[in-house]
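Pasting the structures here.
Both of the next two complexes hold chain A, though its partner changes from chain B to chain C.
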Partner chain A sequence: MNAISGAGICKKYGKRRALDRFDIEVPENAITAILGPNGAGKSTFMRMLTGLVVPDEGTLTVLGRKPSWETNRLISYLPDRARWYQGHTVETAIEWGSRLLPSFRKDEAREIVGSLGLEADMETEGMSKGQEARLMLALCLARDVPLLVLDEPFSGIDLLSREKIVAALIDSFSVRRQTVLICTHEIAETESLFDHAVFVHEGRVALAGEVEELRSERGSMQDIYRRIYA
Partner chain B sequence: MNEAQIGGMRFALDLSQPLYEQVLEQVRSSIAKGEIALGERIPSVREMAQALKINPNTVMRAYQELERDQLTETRRGQGTFITTDAEKVSHIRHRLAEEAVDEFLGRMSSLGFTASDIASILRAKGGEVR
Partner chain C sequence: MDIGQFSFLLRHELRLVTRRWTLRSWYWMYLAGLTILALVALTIWGGTDQFKSDYLLFACFAFPFFFCMIAFRALKREWSDGTLGWWLTLPYSRSKLLLAKFAASLAQSLAIAVLFFVALAVFEAYDVLLHGLSIDLLRRFVTQESEYFLLLLISSPFMLALGLMMAAMGKSKLKMLKPLVWIAFGLLGNLFNWVNGAVGSQTDGSLNLFDGHSAAWVWLSLPVAWIFAGLIFAGAVGICKKHLVL
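This part shows the complex of A and B:
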């Protein structure tokens, strides 16, 4: 079963085609990566999943339906930029999450925050970009929903934060087996996490498949990436 | 190359080859070399995925294959254990030996040596193995 399927999706901004007959299938209970450089069309597609951007043409279903507020309740979404209001601490951010985010598990949030190396009384003001990203990720992972969508979870983040994020994802996936969709242009430390990969090039899917098969046919995701985009 | 050690088992994973086969082969060879003892518990899927920094589905696939080959058995609520059957271990040792010899013979024949050349080189070395 596919958690997400899209066929023939087109989206233009002015004259520029952000997505041009884009086809995609994201299987359930697996980790799928959408790979490609900035400007390839990844972000446009990610925004379509929550209905923020609507396709000009083509069809998109998320968890069997058109994106809407109903499907959004079932998606845990990590935006590519973490921003916090002033005056929050890690603990008040968790309280905020439990009031506002559907299917949020407060106890799990506290546990995950700890495993990501954050303390309850840390203030969000003055956090490094990596710490902010870890806090956002903890709030995402604490939700018991079928689909986890991570938009550039590793970009511009220090090595240790990246490693902690990878470890938290492995733990979470071991327990929940949620469908996970990660959009990233950083492959080096993360490609060992992927079950499926989708390479996006100029608004289209240049290559997609099961990562283990791609490895035996064409080598590492990094090698393939270089060959497609070099 | 990602390297890791878990208990007595050592792993080196090459991202340009399927990971599941590498995990499988490296657990097998750890059993053959005695890095992990008969009847010993192997790390859970989560522990192994965490140590190797790989997808838990990949570990699970390798573990399922070990179980199919009856090299491991899962006891409900206790985890997965290496077989206590020494025969099965000696069977893998034998298989790994054959693979090593095949690889050696393949290299020698690609260098142009015939079976009798190889035999005489081995004899000249006293047939001794380090």
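This part shows the complex of A and C:
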């Protein structure tokens, strides 16, 4: 079964084609990496999953439905380059999640923020980028929903924060059956997480498959990445 | 979205606004300075035509513009602060998300207006008591304030909806229509001038909105203005649904 299916998706911004006849199948209950350089169309696709961006052409279904605000009940989404609301503490951010995000588990959120080195009374104002990213990731991981979409969760984050985030992801994935989609450049640190990989190049899928098969046929994910984009 | 979620979203919006006001201490310093100046002026020149509280009522002319900017800022903040991805992917319809912003902006606008009118009524009372003037002057002043407040009630939903539309349009494919919205902002925000010109204020400054026979059109304009506000709001929702460039 596929959690996400897309066929012939096109999206243009002015004259630039962000997605050009983009076809994709994302298997259910697997961790899928969406890989590619900047401007490949990855984030445009991730935004489409939550209804933020609407395809100009083609069809896209997420958990069997057309993406809209209604399907967002079932999706936990970490936006690209996002910030958290200033003036919140970690605890008020958790309260925000528990009041507005369906299937949000407050106790689990407290546990995750603790494991990520954040304290309840820390204020978002004055947090480092890494701390803010960890808070936002914790809010996403605390939702018990069938689909988790993480758009560049490691972007611009220091090594220690990245390690903490990867550890939190591994913990989360080991206890929950969830379809996970991660868009990232940090292949070296995250390669071990992925079951499935999709390489996006100039708005199209250049290569997709099971990570184990790709590795046995073509070498490490980094080698494949270099061959496709070099 | 149930009532509890909407009320939480509304409180979240209000918290962001209140935080802004409390963080900027210079707002309050200016306000305190202006209050002291007004009181000094009333003490020295009050009781004559040299300085009256009525003059301060002219600040109302800027209120419709100010209200529009409050709503504009409430929406634009989502992309300028980088929180758009969270806000716009909440599992609630765009109309409800925008309605929370509209309601928070309306509450903020009306709170500012009420505080302003109450402060001015206190100034007028101070003037009347200090200079031994007729209490009837205070009554007339409060009536005049009520007229101005009524005009703000009529116009504020429209100006707030316009502010939301301006902000949404700025982030959309429909940017080219922005000059039209700015023209509407300039023309309709100037409401007090239009009304003053049309009704013709009396020597006591009253617009005669409550005397039963004049300016019936002002009363009739209330539902019309609110219907237009609804249409503009629906336009802003439509832009947020289909035309944002993200």
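The rule we apply is simple: the second predicted complex is superposed on the first by the 229 of 230 C-alpha atoms of A that agree within 3 Å, B and C clash if a C-alpha of one lies under 4 Å from a C-alpha of the other, contacts with A are read in each partner's own complex, and residues count from 1 in each chain.
To be clear about the criterion, a residue touches a chain if its C-beta (ideal position, glycine included) is under 8 Å from a C-beta of that chain, and two chains touch if they have at least 3 such contacts.
Nothing here was measured: the structure is a model prediction, and the numbers come from that model.
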item: Clash or fit, chain B versus chain C on superposed chain A; value: fit
item: Which superposed partner A:T50 touches (first chain B, second chain C, both, neither); value: second
item: Chain B versus chain C as contact partner of A:K12, first or second or both or neither; value: neither
item: Apex chain A: angle to the C-alpha centres of chain B and chain C, given in degrees as a multiple of 10; value: 160
item: Touched partner set for A:Y77, first chain B, second chain C, both or neither; value: second
item: Touched partner set for A:K66, first chain B, second chain C, both or neither; value: neither
item: Partner chain(s) touched by A:Q222 [first = chain B, second = chain C, both, neither]; value: first
item: First, second, both or neither for A:L193, with chain B first and chain C second; value: first
item: First (chain B), second (chain C), both or neither touched by A:V166; value: first
item: Smallest separation in angstrom, by C-alpha atoms, between chain B and chain C in the superposition; value: 28
item: Complex contact set, residues of chain C against chain A; value: 4-5, 8-9, 12, 15-16, 19, 81-86, 88-94, 242, 244-246
item: Touching residues (chain side chain B, partner chain A) in the complex; value: 2, 13, 15-20, 45-46, 49-50, 52-58
item: Chain A - residues contacting chain B, complex; value: 30-31, 166-167, 170-171, 173-175, 189, 191-195, 212-213, 215-216, 219-223
item: Chain A residues within the chain C interface of the complex; value: 13, 47, 50-54, 69-70, 72-73, 75, 77, 79-87, 96, 99-102
